[in-house]
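Below: a set of structures, written as structure tokens.
After this come two complexes, each holding subunit A, first together with subunit B and then together with subunit C.
Up next, the complex of A and B:
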């Protein structure tokens, strides 16, 4: 066994110092801008807060999804890098904190919280059993609790395996993952309906949960890919992270870029074609004034560029291209969330300003600080995982 | 067997057969004369086919008035059957192309049959639009070309997109299937003893010599074709879903239709592959190349896609309520509790409830039980299309024109005939071509892969 050239002797290393410094810097700068924005433009800041929540939730629950997907599909190529997803998933723990400010601005963000409006509006009063502040709050708490619970259970087993090397822990995690999948599907759907679809409370689309899901898993995958490629170039995983591993990340990213486009296009085409006013309003809003350019931008940024950027086989294997495209896709997801959220704030025209920028920087800082905190405490590689050796030796 | 060793890969092929043994095992059904059982099976399917043909003859002679279609329910059995068979035709390329791109090696035992099934199912599906146009000899006008009558198709209609999508899908699936067969034709040629067979296999093997250069080209072509086939698989059923979803009819117009139809198609297609392969592996003694593990994996996919379909049902219901739009709400309540409640609950129980039994490992690995569940899945998926088509139409916006759709004997005979048509092709396929890819099984045989000193 030990004569294999790729055999892995893991010794824990500190993360690169500039990686850590960058995380802290972004966190501090972002935090200053966020706090400042609360005093300058409270409402705009609240909407940006929704964006922050949805973006960070994407990274957190999306990472959890990829962990679960690995266990369920029996994949081995991703096992050596699973810890990256596990560390990123830790951002789930701060979701309650970043969701909290929205509760002080419910009236500004959510139209359906105005009782006097709901009373006179037939549609909103019909929805009131679902769209009311107390049920909304309960749902948000339950969803985040489910995510945190499964995150905790699954990563605890994974961590325990580092020392015990017990295969039963893998078995347990597979079972937990199977239970998690239906809960995940429902929770992410209704989380998206609550926080994004209900911003325009009259509008509805059956595919909306899938739409948010497609962006979520793509963004989380991009975050994982970026960190994996960056750290593995510096030799943090094992010698011989090969093109085969990179290619798997690249191909998966490419696949999910297409999946997002497919879902987004399906939603758009069906609404455009049927031309029912109660549905088209959502797209019409995004075609007013500056929003038109913003919408065209979404197609280019979220689909055209990553599609061609990852289409060719060599580009799926090139570390440089992968790093660039992952950052691009993360930006695209933030842009997407902005495209969904902000038209409710400014109907006719909108130019992103320093407040949104501040929140974006804060999101990056927050995610990195949490990642670095976890990476400082735990092994970067699941050294006790029975699939690790197969993962290291993985060839296409 | 309950404890899997995760440090080792599960073998796809059991028993480490030699290359010659693989050749012989897979080619044996082609060498033997068909036995009595085969002729009994064939006579049953051909009889079904003929019943359908007679019903079609009546239809063309007397017209589509022989069907149950009535005024609000203008779309009846033909579209239901069309969507059903296109759905069956879905899993083939999914198993072949998408699982290939995902490097799922267990697909190699089932891919060939699934591809063949795709082709026959799409052929079966293709009959229905032709029948439904009433005068099939004029169907050539579906293809847009400048003509003396200045007749042009409506490019805005998803029904026309269907023509393009299905024919493209059929073409690419056929090429994909044939390219995969080339190395096998060569293997068959090399071992053929009869002169006629040798000539036929030689022609179809296109001069294949199993040389390294041939394989290099082959692998590249196969990968590219898989890349082409993948978006086509998705586009076909997406466009089929557009047939319904672009309308404004409650029950048809839902933005979730495209992924929901794709998941449903994969679901029913896998169930059909599983059903037929259970027979094939038993009759041809393929238990070691189509292993119980492979069947279990298929059952897991059936569970997953069945639950996705269940998710779509739930979202449709929730959104109908959430939208506050009265016709939407009426349609869904009518679906579940109206005159077609029986069809709706058949659909829900077969598609969502019974597949949940696959959560239990023992059931995933018990052949008679999984067979019954997969049969139910296909019953359920046929009823899903029936529910979508008929229940959305039968009580339209004007209560005075509400009516109940009842299929006539001609409708049922044509449906029966479609099964006859499909299974006749399947039976002929099993005796004329290798239903499992010889080359691909060799590639996943234990010891075929380069390893790092583990053996």
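Up next, the complex of A and C:
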């Protein structure tokens, strides 16, 4: 029964050509729309730029989180697919570039950059030592640098292992991961506070970092799941990608859908309970005009649909359902980021337009192009990893 | 060996893949009474053994949903129907606050119901024995081996053929399991003294610990730190203030919302002359008057205002309000009595709003009319 395929006979294959073509097409179309939008509606485009940054950062740093989580927990089932996360994590490298459009329009996006306002506003001037342009810039650079650094260190060891088969590299990566986790917790919290929470500089929620984190890891997991299922259906991994592997992805997705809902509800419940005007304002804004439907939509799209879509045991193992649900969850995360960002741009009513669509297409294209570029250069399976064989033979 | 009754033939495997293959094979051979024992739930076993779906999830769902709706119903009924209280400025029916409780009750009732159902129906409570318990086989499959046990009761069972089947599957430690004497002679006895005594013992220990924790331990430092806080408690003295009074009097000149100064202080005649009842004698106003009269006035004046106090001589009985004197008083004059009090009767200005006082007067007029009707009322 245990006819484990000889993993060391792995031969590298080109990715399916329509996968690559789709990536390029989305990238080009998205780029055209993005550039166009910069000329048509500079401010709206800048807000969409924040969404783009946060979404791509989610995929990148979320993937890095899953790599680290695998090393730290000693998981084996995910080892055969770790490269997918490693390739997706490469989007971290372009974060500085996609942060630029938003960065150069900070004045239109962030209320607290207006010095004359800050002077007359008690709260903003009290927050000024933290919320000022130069410190903000430094923080953004530091956070992205931390992510890129650890991404580079960890994936370099992993790549090196392909040829050297040195088990010590795994041990090194475990140590790196242990160092990264606290840095990750801090950086993602403050990154979310800087780029999303400070859109509404008077507002604060102590759980906000966790809220963004929950969406981040969910989105990255969905992206990984989608690519793994798609490629393994075409026979890219190994013969026996079994229901056990699929089930693990499905169960994790389901778990993190619930985690997101739990955090989102906790944030809402505490603010609703305390009923302090400076906190409730954020939710009231999202209950105004069209935003009300948008908020109800968030509950349905981000929780109800994926919850019931992944609830039953067979649905966690069905490749078709997994592919659909992971695309759905990616959409839900974009929707979530939009729900956080856009009320600052348009307070009462808001209908997503071609600019947001363009940025969304661009995000997909960008992620795919980077993934394809990495997949073209490196092995899709970490053939030197000591856990690989056990991972392939994994049984629940 | 001959005097023992065979229960089953067992075999052990090393990997989950092997046990799944073995289960598939045994199932395909047409055996019906066999079981698989593994240290943890092996995924895919249900389909390998072709087991029908367990019915336990239905119990969990039905009881869980019942728990959820009961919790919701209970909170809705207590908080919004039976005893509506404004808490933290929230509506009486505050759904977000109910969500965590509904969630907890759902999980709690579903899990308890599942466990109880399993013990009662699947394990056939009070049965607590099984031939496989206390065997070498069980020691292996509860640690690191995967075992299959084919029952001798199976219609297809034949010692030699089962043995060769297990051998052909590659099973190790193929060994028979016999019924133990205790199992054969087992008579369930729920009220066995040992069992009952240990229940009682458990009860005493748990309630004793609870008593000590709640009544003694919680009053010892550091557990009592939360009890003594430097905050003001209603009706209690407080050292924070110089005069030691916890409840502060309003700053001098403070006026409540909607407050109007009473112009006719100590001047009943002017009140009777100039004050006019602003309320029309509608059913609604009379209703308010009746309610408030019954609450605030009737203890002394009686439900019909005849001076029949319910205070059993603890307070001087007031005169009847049906006297010619009061009947001839203007509304304003009665208003003055309610507002200022009169001799032994205290003022009701704090308890009753202006409108409520006037409504009470409308009601008193109605009571007076009921005993001293005019000619015209009879027609």
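Quick notes
By definition in this document, the second predicted complex is superposed on the first by the 388 of 396 C-alpha atoms of A that agree within 3 Å, B and C clash if a C-alpha of one lies under 4 Å from a C-alpha of the other, contacts with A are read in each partner's own complex, and residues count from 1 in each chain.
Operating definition for what follows: a residue touches a chain if its C-beta (ideal position, glycine included) is under 8 Å from a C-beta of that chain, and two chains touch if they have at least 3 such contacts.
Remember, it's a predicted structure, so these values are computed and weren't measured experimentally.
After superposition on subunit A, the partners subunit B and subunit C are seen to clash.
Once chain A of one complex is fitted onto chain A of the other, the partner contacts of A:346 are absent, as it touches neither subunit B nor subunit C. With both structures placed on the common chain, the touch criterion links A:137 to neither subunit B nor subunit C.
Taking subunit A as the reference chain, the count of touched residues is higher for B when subunit B and subunit C are set side by side. Contacts of A:273 after superposition: both subunit B and subunit C are touched. Once the two complexes are laid over each other on the shared chain, residue contacts for A:127 go to subunit B alone; subunit C is not touched. Contacts of A:205 after superposition on the shared chain: subunit B is touched, whereas subunit C is not. Using the contact criterion defined above for the overlaid structures, shared-chain residue A:247 touches subunit C, although it does not reach subunit B. The clash between subunit C and subunit B in the superposition falls on 224-232, which is one of the stretches 224-232, 296-304 or 368-376.
With the contact threshold set out at the top, residues 1, 269, 273, 275, 393, 395-396 of subunit A are in contact with subunit B in one structure and with subunit C in the other.
Those residues of subunit B that touch subunit A in the shared complex are 3-9, 101, 103, 231, 234, 238, 242, 245-248, 253-259, 307, 311-312, 315-316, 319, 322-325, 359, 450, 452-454.
Subunit C makes touch with subunit A in their complex at residues 15-18, 20-21, 42-44, 88-90, 96-97, 99-100.
Remark: subunit A residues 1, 3-6, 76, 122-123, 126-127, 130, 167, 170-171, 178, 182, 185-186, 189, 193, 204-210, 251, 258, 262-263, 266-267, 269-271, 273-276, 278, 385-387, 389-390, 393, 395-396 touch subunit B in the complex. By the touch criterion stated above, subunit A contacts subunit C in their complex at residues 1-2, 243-244, 247, 265, 268-269, 272-273, 275, 393, 395-396.
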